[in-house]
Structure formats: structure tokens, C-alpha cells
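One chain, chain A, links the two complexes that follow: it is found with chain B in the first and with chain C in the second.
Up next, the complex of A and B:
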């Protein structure tokens, strides 16, 4: 029996760099986080949506929602050739819990990952491996199918076996979210491909709100860990951002009852703040464009000393970052935040729960 | 390049493992009574649950109700890491409030308050409108 004082492990990785730094990896970090569920932008001392963003939000590419999609539809040679080999499509099952149900993800450049419960795996007849979080008696398995492999073609043994297993043998169907690369022509053809299966385009929903005057942590871009009486560190800021996005006012000194939550020290008062929420299956390319707009926002003098762009990943994905397996243990959090400073430097904070690989 | 600029451009990485003091729980109270509950009453309920299951040591745990939405009876609790199991178990075992049957649903648990504002498990994609279906 575990002691009552045990708690699940977690990790917060904080990095400080500059967008003009020759070895900056901000683009790679965004591109390898495939399945983004919500993007939040917070700008202190800003009362409305910056004009740089409004144009981008009106041009957002749709994602597609298909109910009961047979998995074999994504294995058709036509689909693989048009959207996997020559394009960049990602797909994810939803309404499936990774710790209880079967689920799958299709991620660029062409890996189909099946995350299966033991019974399904044993009936399926495809080779996989136990989940790295499964322990000695695995109840959960992962099957990886490389759709771009030269042997994955009609007539080849490998292809026919997969089609048989997922089609005739088990006939796996999922509710699926699909997103394309973003080029206009390709989006159109993706809609055409999914239409016979009942797929329809959905635009990411967005909402904006103005944050009331409150205390805001003082930050110095060169002090990632913070310093007493000078500036707050990344870890304190991360919790404060959580309070702001949840609509919790961090009064200072704290009220005491029923909450003793206060703003980290040192802090300063802000007159207002702006919060944007964008929800849906949001591609890394859209996140990159948003980050670019945040950087453009600071190209002219502004009252805001920094802006925070937070990206939440789906909790139930087989892979959150790059190729590292993702699981759900008490929580399935995988999120990152860019703190963009006026001087072109940034902090990148990546947070994960117990079952995730965030290097 | 000045010294400040060099400092600004330099790369730094810090990894925090299990290095936070608190866990956050998003909870919802289910109660037959339809009257409006306020934050203080909800906090009393949590303290009562802790005392019932873990006695005085449980009741002495520092557990903040940092947010409470009365209409939906949903709130966010902040508890020290070592108290997570006790708070979770106490809320799960709670079955009555002022003589009425009740249940507390634990909707989300995380060491990061920020992750509570992005719960994909409670999200439902929008259904197509009638015009979209016709198209």
C-alpha cells in the first residue's frame, strides 16, 4: 500500500533563449507537438485583440470531424499517396480515453499509431509492443504502422495483412478529428475525401475576454529562475498564468479564507489584460503563425512588457511530443507556454504529467 | 554586443521534477438540494469530509478553495502535494451533506493550475449546422 503522502510525478522544463539566436529551437519544439487542443494568448496591459491577430483568426484553416470512420479508410492507397506521402495530415481519435479504450493517431510524416487494450491487441493479429508505462503485466499495447514504407503497397504481404487485421478481422471504427497541412488546394481535396464518410469541416472556436485590473508578476527576461525582490521565476509565473486563465483573481495580500492564493512577489499592478482562447484541433503551423504575430505585435512600442502563448495538447493521445509515448495517470497534461519579451528573447515552459516523455 | 545583450541571448535550461508544492483539483458537487451554495459552505464541506475520513489530522490539512462557481457547483481546490491522496479519498467517500445524499466528482487533477483551463476530456466538438449537413 502506498503511503498517504505519495503523489504522482510531474515535470516542468524551462528554457530561455532568443528568437534571433542561431541555435534557437522554438520552431522545432512547436512542430513536434502535433495534437493541440487549445491555444491561449494572454497580453498584460492590452484591452483588445491586436489587429495582427484578427486577420489571422479570420483565415484559420478548418479541421474535419468524422464519426464512425473505419480505420481502413486511412489506409487506402489513394489517401496515403495524396495526403500522407505528398502532404501532411494528422488525425486523432476522440471520445476515446487512452487509459481505458482503444485509440489511434496518425502523425506526420506517416506513422499510424494504435494504442490498444490487451484484448483488442491479442485479437488483432498485428505485431506491437507493450506500453512503456504498462509494468510487468502489460494490459496496454502500442502498434506502429509506417504508411510511407516502400513495402506498404497493395499486393505486398505487409499491406494486405494490415488491411485484413483492421478491416475484416476487427473492423475498427473511431470518431476522428483530421487536420490538413493548410494549403488551400489540399484542404479542399481533404474535404472531398472525407465527405463520403460523413466528415464535415469545423472551424476552431475562439473567444476573447478582458482581464480586470490585478497584480501581475514582475519578470526579467534574463532571470529564468527568478531572484528575490527583483523578478519572478518561470515556475511562479506558470501558476499565476493558470489563475488568470481560470478567472481567479490573485489579490495581494491574499484574502485568507477560503483561499490563501496570492500573486507571487515581486509584482506590479496592471490596469487590464487581454485573453484569447482558441479551441479545436489546431495544427503546429497555426501555432507558429500565432507566435509570429505575437512577435510582430512587439515590433512597435507597446505598454505590454511580455505576452504569454500557451498551447494545451489533447490529454488522450498516444504521442504528445515527437515520438515519446504518452499516457494518462491521474492526468494527461502536456502543455507548453512561450513567454515572448519585448527584446526578442523568450522563455519556453513545457509541462508534463507522470506518463510522458518531454526531453 | 553589450554585456546585457549577451546575457539576454544566452541559452539556459532548468528542469523541475516534482518540484511544486501544490496540486490542484477541479471538483463538482452533486446535491439534490437546488439552493445556491457559496464558497464558504463548499469549503466547510471539504473540511468536514477530511475530518470524517482522516480525523483531526485530516481537518488540519491546508486546503484552499481558490475558485468556486455557485451555479454549476464547480470549484478548484489547492492542496499541498503530500495531502493529495487524503483530500481525494475524503471527497470520494463523502456521501451526505446536511442530511442529504451528495457526491463529489473529481473532474481533473494536476500539479499545474494552467492545465485545468484546457481539459480536452470534457470538450465536445461542435455539431454541424443544418446548412452544413445539406452542403
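Up next, the complex of A and C:
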């Protein structure tokens, strides 16, 4: 029995920096988180969608849903050449649970990760490793195939073995979400490639609403941990932000029995807040563009003291951040929030569940 | 005299004596008429050459395959062949009794060769020129016929359970096996004809003329015969082929590798 203090729990990592700092890592952090399913933007003291955003949202690239796609389709040589090596594409198995079913993910750097149950792994015939979160007798295995390797081409043993295992031996098929683009200069698109398999494009959905939280915490960009009378800490802000975006009222004093959530101190009264909700398979490039627009929002003087951009990852994804294996223990959340301030500084709060490697 | 000195020696001595006396003394001749009789007897005795000639002729007639004169003489001399027989209890062997029993190859008469001895002799070593898949295909056809006769024909109405039970006791030499599932993924998909079955392994020859050794433990083999195919869990199958006939296999709901 593990003592209570040692029980693996959730993690929240808070950092602060400035966008114009030479060592800023905001781009890196966004690019490492490949599979995003929801982006939320909260701006206090703002009534409607900023015009910078509206233009971007009208031009969002579609993602594709393919039902019953055989994995060997993603191993075709021309797909690898056009989309994996020269382009940037990510794919994820849809509607599979990471801890109970077989799932897979294709990462933009070019790795194909298969997260398999024990029986599937033993029948497939490809070498892999037991899951990091499996105990002594693993029930879960991860197979990593590097598609960008120069030796991964037809005629070579490794390639032929992979094709045989995924095609003839155990023809694995998944419902797949695919997003990305092919190499520049050539007008190849994913739609063309996926059409024979029945893939159709889906546009990300977005909705906007005005919320009335009555009060919002005061933040000081330098005080990440918070200081009495000066600014709120990042942890309290994170809790409050989650409540507002979920539609839970955080009035001060708290409502009593139904909810003990209240707005953290110090806070200030606000009239309204703007909430944007964007769902779909959202690529890191889209998130970067959104963040740039939020920064542009503050280029002109505004009432809003800060803006919060939250990006949620899929709960059932084999890899959340870069190559760290992701598991579903009591929850599979992996999300990060950028608190953008007027002066160009930001806070980056990253939250993970129990079985995740947030680096 | 005859008894002591043997026939021929005595006869020739007496003859020589008699000839000497006969030649030198006529009076001796008159006085020793009984010796004359003896001479006649000696004459008869000396004609053992005649008896020898008779024996020779008789043997050649009766046993034609005897061969030349020398071989007949050799046989008539009756030389005894001493066979190697040293019972351990004999007085001369008491000191070396144990050692002579253990060393020198055979441990004791009647037992099979030990596996060490067998390996030294190379009782099962396949030479490279004989490692051909095509050479073992007739063996596979023989095995198919054997299985068909064992199971009583490949009928669609045959009971699968009895067929499975018979196959568990059947000999697998010549069967085409394929690894269907394995704890080590690199074994999956290996397919070939069984050329040797030992306690813990199966030696197969693949279509690429390679001899592969597959451990039974941790592998599930798929065996196809006629329109049927069966899966055998190797982990429960780690017995020698000869002992498998007597072993009872329990049925389990599901087996983890």
C-alpha cells in the first residue's frame, strides 16, 4: 500500500516568460503538443469576438475523418514521401480508449506509434516495448515505427515485415482523424489521398458566448505564485478559469452548499467576459496563429488586463507531449493555458493527469 | 606305446627299428614272427594316410563350400576361438571390475545411447546439401495421409473435439507448422515442416531452406491438415513426443502466453 503522500496525482507546471525574450519556449511548447481537440479563449472585459480572430476563424483548415482506414494506407511510399517527409501530418485513431483498445497515432516528426493490447501485440509480430505505466505483467505494449528512416522503403526487410504484419498477418483498421498538409510547391492535398478510403473533410466548429462572472482575479505578471494584495497565484487562477469556462458561477461569497468555489482574492469587478470555444482536430500551427492574434489584440489599448488561451488535448491519445507516453488512469487530461498580458509577458500553465510525462 | 607317443610317432619308430633288424639279421626274422604280425599292424596304422585321404574326400563331397586344402587343414586342426567374455565376478577382474564396466563406450548392454554419446556421433545432423525444403515435402504428404487415417477421413461431420485429442497424441514430424502467436514477436509468422521434435523445441525447415529452432514455451502453433486447422499452445506441450501419448491434457477456458 502506497502511503497517501506518495500517491501519484495530477501535475500542474507553471512558468512565466516574455514573448520577446530570446529564450522563450512558447513556440516549442505549442509544437510539441500534437493532438489538440479543444481551444478556449477567455478575455475579461470584452464583449464580442475580436476582429483579428474572426478572419482567422473563417479560414481554418479542415481535418478529415476516415472510417475503417487500413494502416497499410499510411505506409504507402508516396504518402510517406509527400506528407510525412516533406509535409506535416498527424493522425489519430478515433473512438478508441487508450487503456482498453488498440489505438495508434502518427506524429508529425514521422513516427507511427501503435498502442496495443497484449493479445494484439503477440499476434502482430512487430517488436515493441511494454508500456511505461504497465506493472510487472504488462497488458499494454507500444510499437514505434520510424517512417522517416532512410532504410524504411520497399525492398528492405524492416519495411516488408511491417507491411506483412499490418496487412497480411493482422490487417488493422481504425477510424482515423487526420490533419495536416502535404509538401509545399506541389498541389497535393490530403483530401485527394483520403478520398478513395471514404475520408471526408470536416471543419472545426466554434462557438462564442458572453459570460457574466461578476468578478475576475487581479494578476500581476511578475507574481506567478501570487502575493497578498498584489496579484493572484497561478494555481487559484487556474481553478477559477476552469469554473468559468465550464459555466459554474463563482460568486463571492460562495453559494454555500451547492458550490464552495469562489473568486480568488484579490479580484476586481468586471461587467462581462468573452468566451470562444473551438473543437475539432486542431493542429499546433493553428494554435500558434491563434496565439499570435491574441498578442495582436493587445497591440491596441484594451480594457482587458489579460487573456487566457487554453488548449485541451485528447484524453485517449498514445502520446501527449512530444514522445512522452500517455495513459489513462483516473483521467486522461493534458492541457495548457497561456495567460497573455498586455506588456507581452505570459504565463504558461501545463496540467497533466496521473499517467503522463509532461516535460 | 601307441597310447603314449601317438599314432604316427610310435609307428615310425617301430618301423625304423624293424627295418633295421629285418635288414641285418635273418635269424631275428625267424625268431620274431609275432613282430611280423606287428609289422602288418603297423602297415595298417601307417595307412592312416589312406584314412586321411578318405576324410578329405568325404568332406569335399559332403560340404562343397569348404575351399582349399589349407582351409580344410585349418578346420581339421580345430582351433578354438576365444570370445571376449569377462564376467565382473571373475577373480582376475575384481580390481578393474568397475572401471572396465564404465569406460569404453557402452555403459551396459541393452540400454540406448546417452544423449551425450548421440551428440558426439552426430546421430541427428543435417548436412547442408540435404537441407532442402523440397526433400521434406514428400514427408509432409506422408504425414497428411497418416493424419487422415488417424482421424478417420476429413469429413465435415467429424467431431472436432476427438480430432483435437487425437492430434495432441499424434506425431508431428512432417507437419507444416506456423507460429500464430508468440511472446517474442520476431517468431510470429515463421512457417515450415517439422523435422525434429524434442522436449522443449521444434526444429523446422522453412521454404527458404533454413533450419530454424522454435521453442515450444511461449508460442502458439497453427497446424493445417486438409480443410482443418488447429492451434496448439506450446507452453503446455513441453513433453517429449513419446511421452505425449500417455499425457492427459486439461481443457482450459483461455490460456495466457
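The rule is short, and it goes like this: the second predicted complex is superposed on the first by the 342 of 359 C-alpha atoms of A that agree within 3 Å, B and C clash if a C-alpha of one lies under 4 Å from a C-alpha of the other, contacts with A are read in each partner's own complex, and residues count from 1 in each chain.
One rule holds for everything that comes next: a contact is a pair of C-beta atoms (placed from the backbone, for glycine too) under 8 Å apart; a residue touches a chain by one contact, two chains touch by 3 or more.
All values derive from a computational prediction rather than experimental measurement.
For chain A, the partner touching the most residues, choosing from chain B and chain C, is B. Of the two partner chains placed by superposition, A:58 touches none, neither chain B nor chain C. Touch criterion not met for A:207: it reaches neither chain B nor chain C.
Once the two complexes are laid over each other on the shared chain, residue contacts for A:151 go to neither chain B nor chain C. Using the contact criterion defined above for the overlaid structures, shared-chain residue A:279 touches chain B, although it does not reach chain C. Using the contact criterion defined above for the overlaid structures, shared-chain residue A:126 touches chain C, although it does not reach chain B.
In the superposition on chain A, A:299 contacts neither chain B nor chain C. In the superposition on chain A, A:10 contacts chain B only, with no contact to chain C. Within the complex, the chain B residues that touch chain A are 4, 7-20, 22-24, 39-40, 42-43, 62, 64-68, 76, 78, 81-86, 108-121, 123, 125-126, 128, 132-133. The touching residues of chain C, counted against chain A in their complex, run 180-183, 185-186, 188-189, 257.
Per the touch definition, chain A reaches chain B in the complex via residues 2, 4-18, 20-21, 23, 37-38, 40, 65, 94, 97, 177, 200-202, 205, 221-222, 224-225, 234-235, 238-239, 241-243, 245-248, 257-261, 279-280, 310, 312-316, 330-333, 335, 337, 343-345, 351, 353.
Contacts from chain A toward chain C in the complex involve residues 119, 121-128, 164-165, 169.
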